[in-house]
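Heads up, the next two complexes both have subunit A, just with different partners, subunit B and then subunit C.
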Partner chain A sequence: MAAQAVTGAGAAWARNLLSWARPERLLASCSISLLSNIQTRTYQQNVGRWEKKNRIVYPPQLPGEPRRPAEIFHCRRDIKYSKDKMWYLAKLIKGMSIDQALAQLEFNDKKGAKVIKEVLLEAQEMAVRNHNVEFKSNLHIADSFSGKGHYLKRIRYHGRGMFGIMEKVRCHYFVKLVEGPPPPPEAPQTGFDQAKEYVQQLRNRTIIHTL
Partner chain B sequence: LSASFPQSVEPLLSPTRLTRTSLVVPVRTKRRHFIPPAVSAKHLTPDEHKLKARAAGIVVPYEPPERPINLACTAGIFDPYVPPEGDARLSSLSKEGLKQRAEKLKQSAASQLAIPKVKEYDPDFSTKTFPEKAQEIFIEAHNCLTNFNKQKLHSLVTERCYPEMVRGNRYNTIRWSFVESLEPPRVVQIRCPTMVNKGNLYAQVTVRMHTRQTLAIYDRFGRLMYGGEQVPKDVLEYVVFERHLVNPYGSWRVHGKIVPAWAPPQDPIIKTVMVPGPVLDPSQEFDEIQYEIPKPKQTQWYK
Partner chain C sequence: MAALVVFWSPARGLRGLMQRCWGQLERSLLRGLPGPPWAPALAVQAPATLPDPLEDIREESNKAPNFLDSIFWMAAPKKRRTIEVNRCRRRHPSKLIKLKTNIDVCPECGNLKQKHVLCGYCYKKIKMETGLIRVQIKEKEAGPFNAPTIETVVLYEGEKPTERDEGKRIIERKRKRPSCCSLLFLLFIYLF
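Here is the complex of A and B:
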């Protein structure tokens, strides 16, 4: 098309024009997009392993089997909080029922408590809506822990021209809700139990390599 | 379906190549073989740009940002069939039952007019043989749904019907089986709507099917959510099949279902669901005994 329309002087000049008169380049300077340049694909971020655990599908249960409790995995990534400080809260609610956990977090003064409470409410909503959980209070927290998120490095200025590298810490928080009442807490081992174990160990002794 | 850009905004060229003149200045410098365009750039208004481009004879092909959209199915059911009350309730031996059974296509004039239009594009079409084929397509589509055969399902079900069949079932296991057909299926309505252009014909055929089926849906964890595998249910359905007549490679596909207003309510799902209660003032109290849970009005709807 350009070849037909060129009326200027010199075939070489025309060929030069042709070589660089690419529509995309020209249009880029005028900020108009060509049809061929329209990208319709959306690229997703990497889906983490914890989120993928919500995608496993179990085969249908036979009528005689005990009912499998529903497991819901939820997490929040890159929370602006320290993973060590978050660990205290995660350990606090692990093993509690969801109502008890929400109550404890509501009246906790830490910054991470608010975040964890939001995460638990989100997970509860997801459970009822998507994962066929019947009663939203019938959930307990089977697993809850924090992990290291992406850190940013900044300069911390000291006196005398000294500096330190400051880390802006972030953490992830993971929670696994399981349907059903929370498991009863383990009874602490009494002296009597310890004594029984000791006696059992003594009784288990045998003499080897004998008749 | 295509938005066209305004013609005034046209691509423009940089004028440097156009305005380069060979000036011979007697200066003892090294001859530059290549002068980059940005050196002698002059700022021109868009109109001057256009004039220069036209003078140089450089034409950039005008590609309007249109995307061709292929309509392979219509968006809904045109002129939905209103099934008569008590269609499958009366026994076929009584007088009323016989009258109902004798209701043929001849009643509806529009359907009669539509038949020759359909036969023009699909010579094999006949109201006698079509219902059996339609039932086969219906059964095959449901089997593909249980086997997650999405490729084949797309060829048996239109694009409008596919999301309605598949929504919410990504992590659910469906077990469906067709036990038997209680009455032979028959065509009750034919319509030939057009979309966008006048010549773009589609054919929608409603087929009445009275069948026995079993359905069991299991959730992500394998627990029964709805139905039962050993419980066959009698089902009266009005299934709409569609075909893009103008397309030579078109085929009859399931387009949707019509649920009449007098249909019996479906079985409730196994789990209990919370329904949002009435909005109360802080001073009011919620009266559990007096309050009635509102039930939805029974109207005909199609899906």
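Here is the complex of A and C:
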């Protein structure tokens, strides 16, 4: 007990001794933010670009402006699944409301469906807690896609002394939730619309470099 | 049957004619065949299968060609499939996941369920309860092969056996009757 108190006091003494050497005080005049303020992490724990998108802060809106809908960016890294297989699920839920997306994923038999469901629930929770979203159902999925994660290489043994290099694939999954009802689906372009566009292109033709 | 061959020495004119005839015959027979023109050779009594002196060396050289030769007749892609072609195949509507229109809300618990499938949450609850009932039965029977020939009825706290329950085995559970009084639950209970 006494030894612990002594070591505690010793540490505090050492800290006090070196307090003059605190670099923040020395560079108080400069406005350069120090590395100690930014998260110094090893290569594997770099904060990705998608996570940083949550940190942007807009200036306060003027009274007349329409309300800017809240945007929530969430992702999960290095999921043990293929990015091509994950893409099908991401394509399924893109543009849906969050409730519909959760319903579809719950009854999908793929492995990635469980992972994406967890990610969506996490993002919903984040939205309500940190991003000032009023109703957790009032969110829709604006963007959802998969990316390639870090691959590991292994040997796959074939007959006749041949071998192949097996890739242990992993993927990332990114999702962007936006407050508000989902946008109405785009009506497919009819023949009439295509014809109108064509006629407009013909009408836009002109002679360049002339009077 | 012996065949008699009569051969007479041809006259000078005939000899030339015969040589020319023989040459024409040779050429017509050996048109496609490579090698030198055949000459009359001595027939020798030889064994049925000629032993190949160079068989061993040929075997070794044949091993690699046999493996490689078979490749010439195997199907192989002629050109690399471009990413555009690959995308057209991978993103074809038949390969995309289809939307499910048979998802409903369970009226008992409020969770999602498929129309033709039991609600997962309710099923789990019932399964747990029936597991505990089975534990009670196991305690009562105390050993294998002791299942009675009469029906079983489960009674919860505060319930008394009614007239209908006469002659049935009673299993008591020390909790109040669970709130999920749906037909399904009764079905499960009466399965014992």
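The rule we apply is simple: the second predicted complex is superposed on the first by the 161 of 211 C-alpha atoms of A that agree within 3 Å, B and C clash if a C-alpha of one lies under 4 Å from a C-alpha of the other, contacts with A are read in each partner's own complex, and residues count from 1 in each chain.
Note that in this section a contact is a pair of C-beta atoms (placed from the backbone, for glycine too) under 8 Å apart; a residue touches a chain by one contact, two chains touch by 3 or more.
All figures in this text were calculated on a predicted structure; none of them were measured in a lab.
In the superposition on chain A, A:57 makes contact with subunit B only, not with subunit C. Shared-chain residue A:107: touches subunit C; no touch with subunit B.
In the superposition on chain A, no contact is made by A:201 with either subunit B or subunit C. Within the superposed three-chain model, A:88 lies in touch with subunit C and out of touch with subunit B [touch as defined at top].
Contacts of A:190 after superposition on the shared chain: neither subunit B nor subunit C is touched. The larger set of touched subunit A residues comes from B, when the choice is between subunit B and subunit C.
Listed in rising order, the residues of subunit B touching subunit A in the complex are 5, 9, 11-14, 17, 56-61, 63-67, 171-173, 175, 216, 218-225, 271-272. Residues of subunit A touching subunit B in their complex: 1-2, 5-8, 16-17, 21, 23, 26-27, 29-30, 32-36, 38, 55-61, 67-71, 131-132, 134-135. Those residues of subunit C that touch subunit A in the complex are listed here as 90, 95-97, 99-100, 103, 112, 114. Listing the residues of subunit A that touch subunit C in their complex gives 84, 88-89, 91-92, 103-104, 106-108, 110.
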